[in-house]
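Structures incoming, each one as structure tokens.
Okay, so chain A shows up in both of these, paired with chain B first and chain C after.
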Partner chain A sequence: MRFVAAVLATGSLFATALPAHAETGVSSSEIKLGITLPLTGAASPGYNKIGDAMNAYFKYVNDNGGVYGRKITLIQKNDEYSPQLSIAKTNELILKDKVFALVGPLGTANFTAVHKSVGLARRGVPSLFLNTGFSGFANKKAYPTSFAILPSYAMEAKIAAQFLKDNMAGKKLGLVYQNDEFGIDALGAFKAAGVKFDVTIPYTSGTQSAATAQTWVSQLAAGGAQVVVFFGVTSATAPLLAVAAGAKYAPQWILGSVGSDPLTLRALGVPVAVLNGALTLSGNPSPNDTNDEYVKFFQEINTKYNKAAFDDYVLQGMNLGLMTVQALRAAGQNLTRKGLIRAMENKGSTFASVGYSPLGYSKTSNVGHTGYYMAVMDATGDRKPYGGSVVVYTTDSGSGPVVKSTFKRPALPAKGLPTNS
Partner chain B sequence: MRNFKFKRSLTLVTVSSLLSLTVVSIPTAARAADPACTTANFVTTCVGTTSDTAPYSMMVPANFNGTVYLYSHGYRPNVPVPAGIPGYGGYTVTNTPQPGPNATVIGALLAKGYGVVGSGFARQGWNADSAIKTNVELVGLFKKQFTKTTKVVAWGESLGGFITQALAEQQPALFKAAAPLCMASDVTPLMTMAGDALWGIKTFFDPTIKGGSYSAGAAGYAEAMGDLVKVFTAIGSLQAAFAANPSTPAWPATSKVPDAIKAIPSRSALVLVALMSGIPMQSAHFDSTSAPAGLPASNALSFQLAINPAFAALENVANAAALAVLATHDLELQAGGAVFDNTATDYSARVAEEQFAWSSALSGVSGTQGLLSVLAASPRAKADPAAVAKMKALASHSGKVEIPTILFTGTADPVTVAGNQQSVLDKYAAYYAEKWAAAKKAGERKRPVNNQLALWNFPAQKYTKFTSAGAPDTSVPAASGTNHCNFTTSQYMAIADLLAYAADNGVNMSGGALLTKIRKAGNMTLDRGYSAPKMKYYGN
Partner chain C sequence: MELWRKARDVVRKKIFFFILLGWVLLIIGDRVDELRVYQGAQIAMYSIALASIVLLTGYSGQVSLGNGAMMAVGGYSAALTLNNLQTPIWFAFLMAILVSALFGSLLGAAAARLSGPYLAGTTLALAVGLPAIANQFTFLGGEPGLLFDIGFPPESFGEEFTQYKWFFWIASFIALISLFITSNILQSRFGRTWRAIRGNSLAAELAGVHSSRMKVLAFTISSALAGLAGAVLAMTISLVAPGAFTLALSFALVTGAVLAGISSLPGVVLGGLILVVIPEIADAVANRFGDADKLNNYLPGLIVSVLLILSVIYTPNGPGENLRKHLRKKATH
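Our next item is the complex of A and B:
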């Protein structure tokens, strides 16, 4: 924060030169956006690809005229997954870099800390497409300038619960979950759905390691769990699966969407054979599904602008970019923070997105995608729809039913360049 | 409170009271109504007493420019602290006058042609009401003694910051400008914060701590000093346990929590005590973010999310707990009974948001719920209604100021938390809105002048240092923005300059001049969008 005074001084010199309608982070030629996420450290695998992927899509848009002539600049800040550092880095984005909005800030604890300490709502800073599924962020009164993108963990657990009841009846069930609002969201939904686990193992975020995974596997095996549901991050999934493989413990795995990217799991040392047959919940197509127009397009963008190994995180990042551009366009040429929030409320539910389920944005809702389908991993680690075709279920984070979706996903805009207004 | 702070609370037994280091040495021989003055090195120093027997000191240079700085010192205990008590042993009650933050700042002000004046106050402890009267009388005496005086500005730290804000609110004709620094809150939230911290330590770590309802007279004094020993014994045990096994430190032997709860690391209980009391999670040496180099990635993340915050809580709670014992004993003496009451406090609601952000440090949701269940099941402290009424009748801030005021604090001050400054800012904002609404109703089109300038000292993003062996290094100076009233001479002088400007111009400095001034001072931030976390106990 030492720089802030100087920064404010500099900023004030330019303030009077801007046009009357000028908004922080917006000039006649540029829109500045910011994201906090772990770029290094134990929690970074996979997550550290989201920002670059988003940026790759923005470069493509910039090369094609930008948004109403303005080019997008995305500033990434490494918070190492530490909430205290997220606060500092977000302050930096707002005060030093003077970003117009946050896009895709990652982590539930992180965003909780940021929202309170930085005062995003009080400052009127839009926070689009939070990379967390905590259902609490759907409280529009408490988070009036924030918008989710992921279906909530509660939705995910409700859909998983329905699957368990329909397909795994009579089997001994185990649950490993992150012992914070992430897992508690899931736990509450499983309980409400009437699913009882024979072995329940909470773990505290940050304690995941091969050593702790050893104790999880021992407990699961001792409890005779035949089906193990996992609600945690990839850096916890990996040691769990790797240790289980070493111990020849092979239950039916059901992996939550957050911690199941095959490429990242393999990079973290999980033998691909272990992934074969693992079930997972997903809201997006497989990143290898080149029949999907979004995936195909994003792969091309990745090849040209990013050159990362294309996986769920890259797909997610590029899709966040696509949605961001639509939001900016919907807010109009006279871009303001208030206008962006209004655009999200009024038009956000119509945005094109790779996700298979409807978007829940409205004047009274900041909920993003609302559903999942069940997928199974194959011998190569690729993800295929369970039962051969994508069957999406939607629900809410409360007591609403789990229903088969009839939603038809909007087509990818021509050349991947939104023209909405 | 200004005079009590830990610079190295992880080495508690070596810490001594900083009182003797921070009080300016002033001759106190003359205690008569008329001051005794001496002149040396072109500076005239006058000492004397106000009508309440409070000693004062006035210092004026030969080239006195007519502006004088009235300084109010911080909290000094109203009882001696016997030798042998870690951190405080050997303190004796003193009312040595203090006309400025330290000798360097006083010298710099005198060199610029300003006068300085300050009282030692007649009574120590929470003395705001009497100190306000003393200061008003002292300003009159100064003007009488130095008739060239044209402007008086007030400043002070900690309890002195509280007194300064009160002077600004109550005596706008007497002062041209005021700067409450690292200000104490009104006494009710102060005692709630202190009481919550002390009750938390008692409940988790040593139920034999009395924590309040001290007996009258010598017996009560002995009880309070006994509590100090127990509090620091418990904190010392935690410190040793943290050092031995930071991941799962043992509980102190004095703890009586159920064995099932002891499965939760004791560090999480300490973090909960900090969070429920509103004590910041960045301390002098712990940024709640860093990990030693060379740790495996998973261990580094755990250190960042769980261990570093626990060390921060340890340092900060040690500061707050000491205040809690001394201030509780003092306020009970003044009010005539117990003043801390948590019979209706819902600690679960208190940490409803914080528990998400600090989930790992609290050992997850199940750990948090387990610890909260202990609090819910433990006997609560009940106050004496008459004593509470007396306490509430003591001076408090309305936030309504008509003279320029400059507020400055560290956002990680563990004793006078940043929420104190925020509380006054919020009160002024409400007052300003009322004034503007009334003016508009009367046909006024121009906004009234905003007389309040709030500055913050934010700690750096990362500042925890580690030894080559990977252990936290607490031998380095406290980080800027942390510790109690931890200001540099440059910051003091920037505040002094801002006061002088406001006194000369009737408004606070603004624009580029202000930004340049604070940038040069270092670690002073103007951010009108910032709002310090404010616990529910402020009542607004």
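Our next item is the complex of A and C:
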């Protein structure tokens, strides 16, 4: 009996010695964050650079005192773009590594599965800046702890539709789209906007090849399409443009944001010259635009901490890092998961980000960037704003109108180190 | 009469063994943390899938690389049943078994005419092609897939009873029952006939075995098991999507089956364990070296491939089989 009493007494001593409420993944000197993304496998090219880029920015922040004295540790886990692995790895992040929050998880099917199976909302785990444009994640009730970053595919298609009506009226239109969430969201938006295509070619993800591109090109050419809109992934853009160039078929290409990364296109063997004059929807400045203060700064960070070929993915990764640090700062010195979510809701829309369009975060919305501008690519694969200056259009994923944005992007914090609170 | 009593005793012992195993699992499930419980559910799922390979390849001698596709059939059947008919969960699992069995019997009818590399090639094509079909039909949900939500555990289990423990219970229960039934089938006349066909199909036919009919039967039962495993997989990830049933899954299953001993049913649990543990080991190894992230990405694949190659070179029947033979030899000496 005396023994039991002694044990109880020591136990209670220890209990009182512990801090009142320590948040998972946060100590006095460290904040642990996690990301799942395809680092190897078919879907990895490009995306596999996002984690390292984010980490490079975190290293820079850590070298400059961290976030309220806490250093950020980012744990990257490879999910090979498979939902099972995504869940297994997220489980490791949350149950074993005990991360504070997820940042930049990648892939629509993956995040859907992770959110449900791991129970992110139930566990109250903040999931910031989902790297997917699926409009379904904009449901704040279903995804109360998640926040998107990319404008949705539906927004993209609505803005493309507006562009077609304004600039390509009277021309014969063609559409090639991936027959899944990219394309279906897009198709609906084009229909709603009243844009009719003379040639429509759906394709199934995974079937893209030089041989199938041959049939697309002959269909498009036979239908006399003068403007061809493409909504799909880069591995399909590559054969399409290459085959068309070989066949001397040169319509005005309009490429969706997902399938128009010049570096990846080039790596896939598309002659750079075919990109010349192709239009693309874009939310960020060109990664080569050193006149842009964000790009210039991130390039410096890349040279010092990352040493990867600087492209859209690296730019995106570093920008996610910048936004994450602002979110962590906004949540205050007494960092909690609930506090982080509140900070995103209350202050998220004011964060500095490289994207040209406004951020849609609020108490009722977890939507990130909300717009696009049209850019034109040159013979080196670089892109410049269409018409000489950036004209951003914003809209929502529903039936809202497409409007020209008057939003002024916040300036980059001095030395790229946020001081917000 | 004597034989009958012996058989009944064997079955009784087996029932007792499985109940004991279930009881041990229950206790383990209570003692370990959430991550381990989730991994336990995965091991149970892999065990069912591996049992389907043991039955098909180890016993009836038909090589199939398409088990991932069969799992997809089961997973999608279960999800469509649950989502569209709002049935109880057990009915969704039952539909997974029935639909994939039907699918397997059709495939088996074609497969019975093929053998060796031709059969492997055909089933490989199925593993590549079938999951992509989901993209063609909107009712299959395309790339993002369909949700498969079995709901929260019953409230009477209490607050502490986690979702993963619920998955673990269901998966283990299904695995125990299906392994029990499979082990009985394998020890029955069917199991013996399959082994006879695998050994020498001509000799088996001369002895009066209808070999193609028996092969179709093996395909049907194996597909039913794979489909059930697919439904259990869908439960643990709350989703069916083409990305869940990749070629990599089919290959991982074959590797697991070979490592565990392709013709040993108890080995499937070991195989499931190996498939779940390898990434963990890779993690631990990678953490000992500097750039853990980079190394960790390639290590699991490397370990699986090396194990498979070593196993095929040194222990063609799988290390599990060799170990058992070794033990048996010891026992007789």
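We take it that the second predicted complex is superposed on the first by the 393 of 421 C-alpha atoms of A that agree within 3 Å, B and C clash if a C-alpha of one lies under 4 Å from a C-alpha of the other, contacts with A are read in each partner's own complex, and residues count from 1 in each chain.
By definition in this document, a residue touches a chain if its C-beta (ideal position, glycine included) is under 8 Å from a C-beta of that chain, and two chains touch if they have at least 3 such contacts.
This structure is a prediction, so every number in the text was calculated from the model and none was measured.
Undergrad: Tell me the contact category for A:L37 with respect to chain B and chain C: first, second, both or neither.
TA: Neither partner.
Undergrad: Using the touch criterion from the header, give the chain among chain B and chain C with more contacted residues in chain A.
TA: Higher number of touched chain A residues: B.
Undergrad: Thinking of the overlay built on chain A, is A:S209 touched by chain B (first), by chain C (second), by both, or by neither?
TA: first
Undergrad: Is A:M377 touching anything from chain B or chain C once the two structures are fitted on A? First, second, both or neither.
TA: Neither chain B nor chain C is touched by A:M377.
Undergrad: Which of the two partners, first being chain B and second being chain C, lies in contact with A:L275: first, second, both, or neither?
TA: Neither partner.
Undergrad: May I ask you to decide whether A:A88 touches chain B, chain C, both, or neither, giving the answer as first, second, both or neither?
TA: Touch partners of A:A88: chain B and chain C.
Undergrad: Is A:A244 in contact with chain B, with chain C, with both, or with neither (first, second, both, neither)?
TA: neither
Undergrad: Is A:V314 touching anything from chain B or chain C once the two structures are fitted on A? First, second, both or neither.
TA: A:V314 contacts neither chain B nor chain C.
Undergrad: Does chain B (first) or chain C (second) touch A:A109, or do both, or does neither?
TA: Both partners, chain B and chain C.
Undergrad: Quick check on the superposed pair: does A:K96 touch chain B, chain C, both, or neither? Answer first, second, both or neither.
TA: second
Undergrad: If you lay the two complexes on top of each other, which residues of chain A touch chain B in one and chain C in the other?
TA: Residues 80-84, 88, 91, 95, 108-110, 112-113, 116-117, 119, 122, 134, 136, 179-181, 184, 204-207, which sit in both footprints.
Undergrad: Give every residue of chain A touching chain B within the complex, in rising order.
TA: Touch residues, chain A against chain B: 1-2, 4-6, 8-9, 12-13, 41-43, 80-85, 88-89, 91, 94-95, 108-110, 112-113, 116-117, 119, 122-123, 134, 136, 178-181, 183-184, 202-209, 235.
Undergrad: Report the residues of chain A in contact with chain C in the complex, numbered from low to high.
TA: Those in contact with chain C are residues 39-40, 51, 76, 78, 80-84, 87-88, 91-92, 95-96, 108-110, 112-113, 116-117, 119, 122, 134, 136, 179-181, 184, 204-207.
Undergrad: Touching residues of chain B toward chain A in the complex: what are they?
TA: 281-282, 287-289, 296-302, 304-306, 309, 353, 356-360, 363-367, 458-462, 481, 511-512, 515-516, 518-519, 522-527, 529-531, 533
Undergrad: Which of the residues in chain C come into contact with chain A in the complex?
TA: Interface residues on chain C, with respect to chain A: 33-35, 38, 42, 132, 135-136, 138, 142-145, 147, 149, 163, 233, 236-239, 241-244, 246, 248-249, 279, 283, 293, 296-298, 301.
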